[in-house]
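Shared chain: chain A. Partners: chain B in the first complex, chain C in the second.
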Partner chain A sequence: MIRFVSLRVLTYVILAFVATSFAYLLSASLMHPEEVLYPPIATEPVPAATAQHYLDVRNVNPDTPLFERYANWLGGLIRGDLGVTTGTNKSMVPVIDELATRIPISLRLVVLGTAIGTVLGIVLGMLAAVRRDSVGDRLSTLLAFFILSLPTPVIILIVQQANQGIMDLSGWGLPAINPINPLLEPGSWESFKYQAKALVMPTIVLAVTAAASYSRYMKVTTLDVLGSDYLRTARAKGLTRGRAMNRHGLRMALIPMGQYFAFAVGGAFSGSLFVELMFNWQGIGRFAISAIQMADVNGTAGVVLYTAILTLLSATFADILQGALDPRIR
Partner chain B sequence: MTNPNDIRGTDDASALRRATDPEANPVIGSAVDDPDLRDTEVDESGPAIESLSRGELLRRRFLRNPSAWIGMIIFAALVLMAIIGPMVYQYGPFERDLRNALTGPSPYHWFGVNENGLDIFARTMQGLRISLVIGIGTAVLTTFLALLVGIVAGYVSHKGKSGAFVDGALVNLINLFLVIPSILLLMLFSPALQQASWLWMIPLLAGFAWMLTARVLRAMTQQLVRTEYVEAARFMGVNPIVTMTRHIIPNIASWIIIDTTLGVSAAILGETGLSFIGFGIQYPQVSLGTVLQDYNISAPYTWIPPAVVLAALVISINLMGEALRDALDPTSGSSRI
Partner chain C sequence: MSDPILSVRDLSVSFPSEYGTVHAVQDLSYEVHKGEALAIVGESGSGKSVSSLAVMGLLPRTATISGEIEMLGHRMFELNDKQLSRLRGNTISMVFQDPLSALTPVYRVGDQIAEVVRIHHPEISKTRARQRAEELLDAVGIPEPGRRASQYPHEFSGGMRQRAMIAMAIANEPELIIADEPTTALDVTIQAQVMDLLKSAQELIGAATVLITHDMGVVAGFADRVLVMKESRMVELGTVDEIFYSPREKYTQDLLAAVPRVDAGEAGASRSVAGSAMQKIADLGEDRPPREELPTVLEVEDLAKVFPITKGAIVRRKIGEQRAVDGISFDIREGECLALVGESGSGKTTTLMEIMQLRTPQEGTIRIGGKETGALTRKERSTLRSDITVVFQDPMASLDPRMPIADIIKEPMRVQGYSKERMDERVDWLLKMVGLLPEHAARFPTEFSGGQRQRVGVARALACDPKLIILDEPTSALDVTVQAGVLAMLADLRARLGVSFLFVSHDLSVVRHISDRIAVMQKGRIVELGDTEEVFTNPQHPYSKELLSAVPIPDPEVARSRRREAIDRKAFEGTFGGFLADREDSQ
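What follows is the complex of A and B.
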């Protein structure tokens, strides 16, 4: 099992590296952070020497060959330096600092939403498959069908509008924007309570979208397991339906889900992008949008590195889980 | 597996049997059909045994499904609305009526006016047009790309080292695209291409959507390549392209049709999401995502009409796709999602 997991991890590390390099080369060739020095953005001419220095410091000089810039960036990456923000943001904040302040905000959203959504989806999908054609099965299948037919912004709008409606009626509601109330003293109980309340709606959105797709996949894999020979053998041996399902069925049904989970975190990232935009959270998704809008090459590469590491971690987690579940690997 | 191109039914077979002389060809011409040799006359006037061609069977199974009808009716209504709506409506998508800004539905502004004074009905209908064109165009192009890559990879994968290399490269490419969220790459490319034409959205979305379909098509092709008739065609020296179009594509056609249908809704969702964050369809055009962008929580009519139209569009396409899946693959009912 250790051999299996380590081999997989190595593949993921290579994949993450290739993905980030690809993203850097792509954004460096597609974006033009030097435009900030020319009209219409710059109102007065910039001296040539100043311009060169400005571009060299940020490693975005178009006169330097693309692969030399890439090599510079790679050298920084090994030292743990992701460069500074470029483009219309002239403040030159190190990307790593920017990511460090934003990752905790995004991560609590993604982790909580994915965890709740996965568990909910697996339980619902399994129940729907076991109690096939019951009212609950029909209802959950229909609900999953509707949720998967709606784009994430519309789901967010429905949740926000429902909250607004409750607020109008009863005068009590959840905070719709900002994860942290700047007026409250940081670290105090009030501030913590506000943060917890602010987390509810975004988590509902992410969990519901994740649960909808997981329950569909889980239903299919559970139905496959229910028709399998080994489960019939277990029943023939004298186990009750529930015991046979718990001891033999569930484990096998979860194995294909692991592989699906590995790459679903990328989906959770794009979901959290909409959530951060519409709930006004200053997280990674928000940073990604602004980085691309203001031609921030290093920032974009940093975001891709973050998503690649996130996928890598979740894929490794899924593999370890698979190693623990699947008797053929141990 | 029978040849799906062979549309002859049992009627044709019995006609052939009747026309053939039993002495000349004892296999086809049966003595049972020879009136001289029959002991008793079979009553021919009874109801004829109906035989159905594959297409007819599919059509009937599809039309028997109520969700197919619901999907088709909603979809047809939306297409008609998209065509006729902007023609008869008195406001354009960019005409400002600032005097009535942020007012609800009225006889003049059917869906109301948003806070910039833009009429929501006019924008929704125009957006529906664009979203429909992009959705259908992207789905067709995606299927074409996936078909090309998937079938070629599946076909060459068993052909020695170079084939295995091409195949492995494809699988790793798919995994690579799963690591980088495609929305980030779309955001990178979109602004550069939007300056040229909004139609660039179609190849752009298709370029990031073909991977998973290609993987499935590759696996299906790999199974088909091992069948006797494909092997026979290969040994007879049939051109690989002819083999692919004549023997492989017809066998996976049903899956391709389903995937194209469901791909339309996926493309629409992708396009509206991208437009919503401001990286999709831009100013001289308007899409459903751009209309949703002007939402105002304190005025629900600013976002509910475009959201309902969008949901109805995607749901109707998904209903048709699932009905098609049931019609083409009756066994899918056992493990339907």
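What follows is the complex of A and C.
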């Protein structure tokens, strides 16, 4: 077991390293953070020594060979230092600090959205399969395809407009944007309440999109189970239709779902990009977009490292889940 | 006779389908009395399984049912799912066909047996139910029941799973056990054990049994009465002796006549009608010159195939080896039919694969028409492919559904570079040879029945005048009457064309009718090889004897004399002086 776990961890470290290195090499060779030194409106050039120093400190000097910059960056990586932000962001914030403040904001969104979406999708999918061809099944199928066919920004707009409509009618509504109210005292009950309320709409968006695709998968696996011999055996033993499904069918239907889970987290991350933009959350998704826009080499590599770890963790979680559900693969 | 415990009256079941309503069962009426064994026999699609699912109340919701089923005073169609579930597993229980999929893979076998006890007797503690599960496993002859009970279904062999299913079926001492093709998926020796067990279990708890099967041999040894079904209707109902010795209906006679028999040699000695049509097949292909004078078509010498068993995903280590084929030798002469028989996992298919590859085997040598396969050039090998052809087990899976059968038959000829005119000519001739019409050439495989599809498969195998046809279980997917037709055609082809057969089968009774010589395989070795007549009448190796004695014989008198006690009565009654008494005390 120890051997298995250590081997697994080692594989993951290698995978995360390869992904991040690739992202670094790509962004370092394609982005030009040095251009910030030569704005078109400048009347006189920055002195050469200053410019060189500016670029060297940030490890983005185009005169340094790519692989030397990569080696510098790797050295930092081993010490747990992901470099500083570059590009148009001249403030030189360590990327690791930037990630540390933003990850908790994004993670609560992604984890909560995926968890609710998964549970909702599983329940809806199972009901749709068990009551196949009923009004509920058709309605949920239609709804799922409606949601799947809409781009995430449109869903966000619908949710925001619905909230606005309620607010106009009743005078009570959820905060439209921002995860935190800067006017409230941090750590106070009021501030916590505001944060919880602010979380509702973005979570709805993520949960609904996750549930739509999950319910489709779940319906298929449940239909497989419904036609299976062991479910017939369970009923022949004297279990009613519902109890046979709960005791024998559900667990079997969930086994293939474990596979999708690993991908769902990746999906939730890209979903959260739009959510963070349109709800004005200072999360990791927003940082990813701005890092790419600003030609922030270190920031981009840092984001990729984070998503790589996130995906690998969710893959591990999916494996554990499957092992727990299915004794045959233990 | 006592009052019936189950009476089915005018039962009709139909399903909606894309092609209109399918009438699965029509106007079926029968009764089952206490302690009686009724067999419902019929070919595929005769509605025998559907009728039993109707008794259990387990038909899909799309089914339209009419008629009446009465079980111990309960009118089954008037009960809802909850009321029915109180009867299922307690008063009626069921053993299903495929033991591989009938147990939930994610729960321990012991827990699944304990569950059936606890569903109907919630007052029994979990530990007691678990203990009961172990006693039941012991009773049905599973060694080390304590350890086995905490294993998962995938750790059980097919026969053991079916034993576990029987343990589940008798756990609550039901009044009626329905067994739906309980041994179809099992090897013949295991089949014999499971049928003995089912019979003993039924006698032990005094339950009535409905056995649903297509296998007349199984019926002869098990049933008191037999109900024959054909195309959703009942054909004939009578005692087992009436059905086997003096069937009234033509269909019953045909069905019995088509049944292959291992004891074919002693024909006339048996009063049973079974197997009479098969006799003719054996009579074909007589008066040929002695074997030694004929040229050798295929020669296999010390052939072995070893699969390594590896462990580890990144660094593969060999931890052992599986000798799938372990040094076998045989030869086939021109116009001869050699049967290779053995149970699943005995290495039959691996042997075929090695021969069909036409390459140097891992160990040993294969010679075709005197040429060693390892020494062939690319071109020679490709030409030789037309000399050895194969007919597969599943005719539907081995024919491309998107090709008309003319193209299917032409394909091997095209590879060998036949001219267009010659191909067209041959397609007509081949179709006639296998008993189809030349007009069928433009049709697609789906338009044919199973037996006709297998004939197309044979026509394709014959396309380039092969010297040897390898028949890999060619009739095991077919109904008996169809099987008889295909076997007769094969025997006829051999007599007329002088082609040799390597006939691979698990079914000894089929082999008896068609082969000249027989090779019995066990665990990768040929344990006995000799003339069919000799092997069947005087088997030398203990395994051959065991195999032969396990084949069911479609003659009630013979079958009854072979029955054995197979249940552990003491284990069933439990350690506390009878489980039932124990249960009543606790109530």
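Descriptive notes on the structure:
Everything below uses one rule, namely that the second predicted complex is superposed on the first by the 313 of 330 C-alpha atoms of A that agree within 3 Å, B and C clash if a C-alpha of one lies under 4 Å from a C-alpha of the other, contacts with A are read in each partner's own complex, and residues count from 1 in each chain.
Throughout what follows, a contact is a pair of C-beta atoms (placed from the backbone, for glycine too) under 8 Å apart; a residue touches a chain by one contact, two chains touch by 3 or more.
Everything numeric in this text was worked out from a predicted model, so none of it was measured.
The wider contact with chain A, measured as residues touched, comes from B rather than the other of chain B and chain C.
Of the two partner chains, chain B is the only one touched by A:304; chain C is not.
By the document's definition of touching, of the two partners only chain C reaches A:248; chain B does not. Within the superposed three-chain model, A:235 lies in touch with chain C and out of touch with chain B [touch as defined at top].
In the superposed pair of complexes, A:69 makes contact with neither chain B nor chain C. Looking at the shared chain after the overlay, A:8 reaches neither chain B nor chain C. Residue ranges of chain A in contact with chain C, taken from their complex: 7, 228-230, 232-241, 247-248, 251-252, 255, 325-328.
Residue ranges on chain B touching chain A, taken from their complex, read 172, 175-176, 178-185, 187-189, 191-192, 265, 269, 272-273, 276-279, 289, 292, 295, 297-298, 300, 303, 307, 310-311, 314-315, 318, 334-335, 337.
On the side of chain A, the complex with chain B involves touching residues 15-16, 18-19, 22-23, 26-27, 30-31, 141, 145-146, 148-154, 157-158, 160-161, 164, 176, 216-217, 219-220, 223-224, 227, 263, 266-267, 269-270, 273-274, 277, 288-289, 292-293, 300, 303-304, 307-308, 311-312. Those residues of chain C whose C-beta lies close enough to touch chain A in the complex are 56, 58, 81-82, 85-90, 93-94, 96, 98, 101-107, 115-116, 119-120, 152, 154, 165, 168, 314.
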